[in-house]
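Next up, some structures in structure tokens.
Look at the two complexes coming up: chain A is in both, with chain B in one and chain C in the other.
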Partner chain A sequence: MVRLCVICNKERAIVKRPKTGQQVCKGCFYYVFETEIHNTIIDSKLFKKDEKVAIAASGGKDSTVLAHVMKLLNERYQYGLELFLLSIDEGITGYRDDSLETVKRNQQQYDLPLKIVSYSELYGWSMDQIVKEVGLKNNCTFCGVFRRQALDRGAVMLDVDHIITGHNADDIAETVLMNILRGDVGRLQRCTEICTTGDGCIRRSKPFKYTYEKEIVMYAYFKKLDYFSTECIYSPNSYRGHARTFLKDLEAIRPSAIIDIIHSGEAFEIKKEVKLPTQGVCKRCGYMSSNELCKACVLLEGLNRGLPK
Partner chain B sequence: MSSLKVKLSFSGGVELLFDNIKQKSIEISSSINPPNPTTMKDLILWMKDNLLKERPELFMSGDTVRPGILVLINDSDWELEGELEYEIEDGDDIVFISTLHGG
Partner chain C sequence: MCNIQEEITLNFDVKIKPKSKNCVKCKTAKATILIRHSTYCRKCFQHVFVGKFRKNIEKSRNASNSGSGEKVMIGFSGGPSSRAMLQLISEYNEVLPQKQFYSEIVVCHIDESLLFNNQKSTIPQIEQIVRKYNYPFIGLYLQNIYNSDVTKSGCYNNVIEIAIDDAKILQQEDSIFSPSEKLLNLLNNISKLTAKEDFIWYLKLCYLIDTARKNGCTRLFLGDCSTRLSIKIISLTSKGRGFSLPLETSGETDWFKDVIITRPMKDMLSKEIGIYNQFAGLEDIYIQSVTSMMHAKASIERLTEDFIVRLEKEFPSTVSTIARTGAKLTPSDYILEENRCIICLMPYQENNKIWQNRIIVMTIPSLQQSNGCSNIQQLHCSKNSKNPYDCSNVSNDESMTNIEFTDLLCYGCRVNMRDIKVANNKTILPPYVAEGVEEKKKKDNRKQMRKHIEEYLLCNEEEL
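Then we have the complex of A and B:
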């Protein structure tokens, strides 16, 4: 029994979209996938014409598909953007060096300029060195904090004030769950925003905000896009892993749960009386911070003094 | 009783559970649980017993594949083919892709 695509009614359906439950053929799948991202970009007014935009690229599935789709949409709809690839080398042997090779191939394939910034050059510490110093707990905290700053610094070096990342719907739903589980009201407010302003007015957007991870992987598979896929060797004990397992179980029961959690996150309102941290700048390095010293400086101080955290 | 030739492909990290092999051709009985024809459910259990080198909980969850692992049968989403109930045919091409890694 041949199932026909519900959109064109001509070709054989090869994907069941988790977002809508529709069964679609290859051509229609490409079209709806790309067009929905285009609509997200337009509805959220993410870009201005002639803007310089850095695509945060790790060589993984999301950033590779992001680079591919952004180049495609930029040409198809004439966004007029100047695109760059920006990559961070955290110094994780056997993980990051391999994925950076993928980014270098992406640079050739998509013909985009590439900039690589490393933790070693920025902070004097690679992740391998950090893990040796602090052990296997809280590594993700160091890495996440340092990477955020590293991307902003890399953008400045490229003279770019807009970074886009490949965070997808699954990632954002996981973050919403994590923030609820940890009672982090401040982050809960910000984490569903599609565009946030960082240090020195560097904006950060997530065009894949409503794009399901399953669809990104299917798209990459059918389009035969080259990406690197291994779990970071330091991640198995991460908090996010638990949220991810829970989310995947929810998706198996009701696929719309992912988008629903994002909508719930967007709908949260904090009571007026609740005190939220205010944003200032770090006394030491000038990066944005809600405390006297930014988290990266606090972590670095701990590292350099030889104390964990 | 005849046998079925099936080609298995692994990517996205799944290959690590199968001795780092990305593709493997196998031959299985057309009726692993007689008198019923071999289904995906039978195949997956067969893979667990005969091919899986380590950490079965990273490939399977109960009777089915772990949530987060996508399955394609002849380049088509297994959700459209009946998932576990799909009856394997000779020459089938089955792909397992994990989505559970950084992007």
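Then we have the complex of A and C:
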């Protein structure tokens, strides 16, 4: 017996949608997947007409699908955006080389201009060199801090003031949980915002805010989009690991849990008397920071001080 | 306390700690108890424990500045935390016999034995405990939430019947189904344990509040301890109840107007409570829940409990950090008294249904409209949907469409309704829910009338 798609009632259902449990055909899956992203973009007034937007491209599944969908929606709904691919080369031999190849292929497929900024170009240090210096212990800290800044710097080079990233609903739900577990109310309030602005004029947005990770993989699989597994070779710290497992279990119990958590996160309001750390800017590089020097500059200073002459 | 259940096993072996250590409080006595990173002697432990309780209860008394003469109710499940609370409240009220803080203390327990085949009622055991305190005792059976007197008016006998495409308000006929049958049918028609547990908890809460109100109690004490509250903070978040979370986990809330809810145990860990009860010789009773003895993935509540208890073992400040996070949240300024969910009585946000339909697209636009526009109205209901709550749509107005009905629900309850399967056995919601619907309809009607004649009115509503 052939199961029919519950949406169109015509085609054969080939997949059970992770978000809703509905059995749908390929065409309807594409439609709802893309439309939800479009609705998110429209309802939050994410873009201005003729805006220049950089897609943070890592070569991983999220950013590969993001580039594909953004290109498609931009044409279908005439957003009038000028899209760029922006990629960071951390300088990790083997690991990064392959994913950058993916990004380069994407560039040709989608015919989008690509800018690659490298750690060594920005900081004078590649991740390989940093690992040699500090060992395997703190390299995740370096990488995370440097990457954020590197994207902003790359955007400036492209003369773009809006970066979109492939953060998906699972990432955001996990961050909501993490911020409750860590007691970080400042971040708890900010982490569900679709668009955040640093001190500078560079905005960061997450069009996949309500998009399930499983559906991103599904979309890439059906559309035969090739991506490189960019799962960091260093596992997440144990606390985040617990939160991730918990979220997966929640999703198994009730598929809507991911959206439900984001919905909760959006409703949270912090008491007025609770003091939140004030956001200032780094004295050295001007990047937003709650201390005098931003994390990247502190780390960099430490690296340079320890540099053997 | 009348919470789902206090199942946390107490790790008593952690009390026996390095012999040489002295109590951090008195610095002289040998420490026998370890709470997180501090060691205490027995005396100081009890002192600190009772002190935390007094601080909370004083704070709530001062805030309401009711002085003496307040009649209060203790929600008593019989679990460790509510057991300790009963003892602590009675000690507190007897400090100065000539000037009691509470003029009268009533203890209320809701029996849920109906939900567990052939289980004996918990009421006799509970009554025995309460008798020691000489307080009036009210023992209720959860199924009696279907009685017409468990309503605001006290005699409202309509109920809501959930069908495939509508929700009917109709006269309750006791001859056909007993309250027990109605409750069992309702719960049996809920296909998932998460939703079932949620339903049971809010039915209990509504019953408790109603009972407090009818008995003239202006305050209801609930025994949620910090371990329980941190579990609730995570599980409520996971169930999409973030909007009402501050009301459901705070030390005190006046959301129910004439009945203030106070949680004086909010700063105590379940482990501390276990130790206190042991020292004080307080016996608790085992209260079964629908997920007792089940694996951790049985329901969201159960999973969260398992997650937090395990995390707390590895990182002993987990519970206190979560509780502190929760305490920094505040009810939104956009909370409206009239936007009260008719099932759980918690506030709901306006327009969240529209939001939901935008980011979870369940249908494709019909052909005549398929010009790629992004109109909310184009999201149509698929006709063959087996569950009446799969999506929402504006449709013809009969008795009450499911759409109108779900408009009166909070997000969390709407998620629950998706797990209701309309089966042969009727799904009937208790009279208080039906009463809430009629009340809301009346209010909306009045609003409409007012709009109609607004320009002629010379004064506002209250002055009329």
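Just so we're on the same page, the second predicted complex is superposed on the first by the 295 of 309 C-alpha atoms of A that agree within 3 Å, B and C clash if a C-alpha of one lies under 4 Å from a C-alpha of the other, contacts with A are read in each partner's own complex, and residues count from 1 in each chain.
Just so it is clear, a residue touches a chain if its C-beta (ideal position, glycine included) is under 8 Å from a C-beta of that chain, and two chains touch if they have at least 3 such contacts.
Treat the numbers as computed from the prediction; the structure is a model and nothing was measured.
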So, after the overlay on chain A, do chain B and chain C clash or fit? They fit
- Message: On the A-aligned overlay, A:T93 touches which partner chain: chain B = first, chain C = second, or both, or neither?
- Response: neither
Rounded in steps of 10, the angle in degrees at the Cα centre of chain A between chain B and chain C is 80
| field | Which superposed partner A:D249 touches (first chain B, second chain C, both, neither) | value | both
Notebook entry, point to check: So, A:N291: does it touch chain B (first), chain C (second), both, or neither?
Noted result: neither
Looking at A:Q23, would you say it contacts chain B, chain C, both, or neither? Reply first, second, both or neither. first
Is A:H263 touching anything from chain B or chain C once the two structures are fitted on A? First, second, both or neither.
second
The answer to whether chain B or chain C touches more of chain A is C
Which of chain B and chain C A:R3 touches, first, second, both or neither:
first
* Kindly classify A:V274 by the partners it touches after superposition: chain B alone (first), chain C alone (second), both, or neither? => second
| query | Once the shared chain is lined up, is A:E213 touching chain B (first), chain C (second), both, or neither of them? | reply | first
*asked:* Between chain B and chain C, whom does A:K61 touch in the aligned arrangement: first, second, both, or neither?
replied: first
Once superposed, chain B sits from chain C at a minimum Cα distance (Å) of 13
Both chain B and chain C touch chain A at residues 249, 252
Per the touch rule, the chain B residues reaching chain A in their complex are 11-13, 16, 66-68, 70, 72, 75-77, 79-80, 95, 97-103
Touching chain A in the complex, chain C uses residues 192, 194, 233-234, 236-243, 245-246, 296-297, 299-300, 303-304, 307, 311, 314-315, 318, 321-322, 324-326, 328-333, 349, 352, 355, 358-364, 372, 374, 382, 384-385, 411-412, 415, 418
Touching chain B in the complex, chain A uses residues 3, 12-16, 23, 58, 60-63, 166-168, 171, 213-214, 216-218, 221-222, 229-232, 235, 244-245, 248-249, 251-252
Counting only contacts in the complex, chain A reaches chain C at residues 6-9, 19-20, 22, 28, 31-32, 35-36, 38-40, 42-43, 76-77, 176-177, 179-185, 188, 210, 238-239, 242, 246, 249-250, 252-254, 256-257, 259-261, 263-272, 274
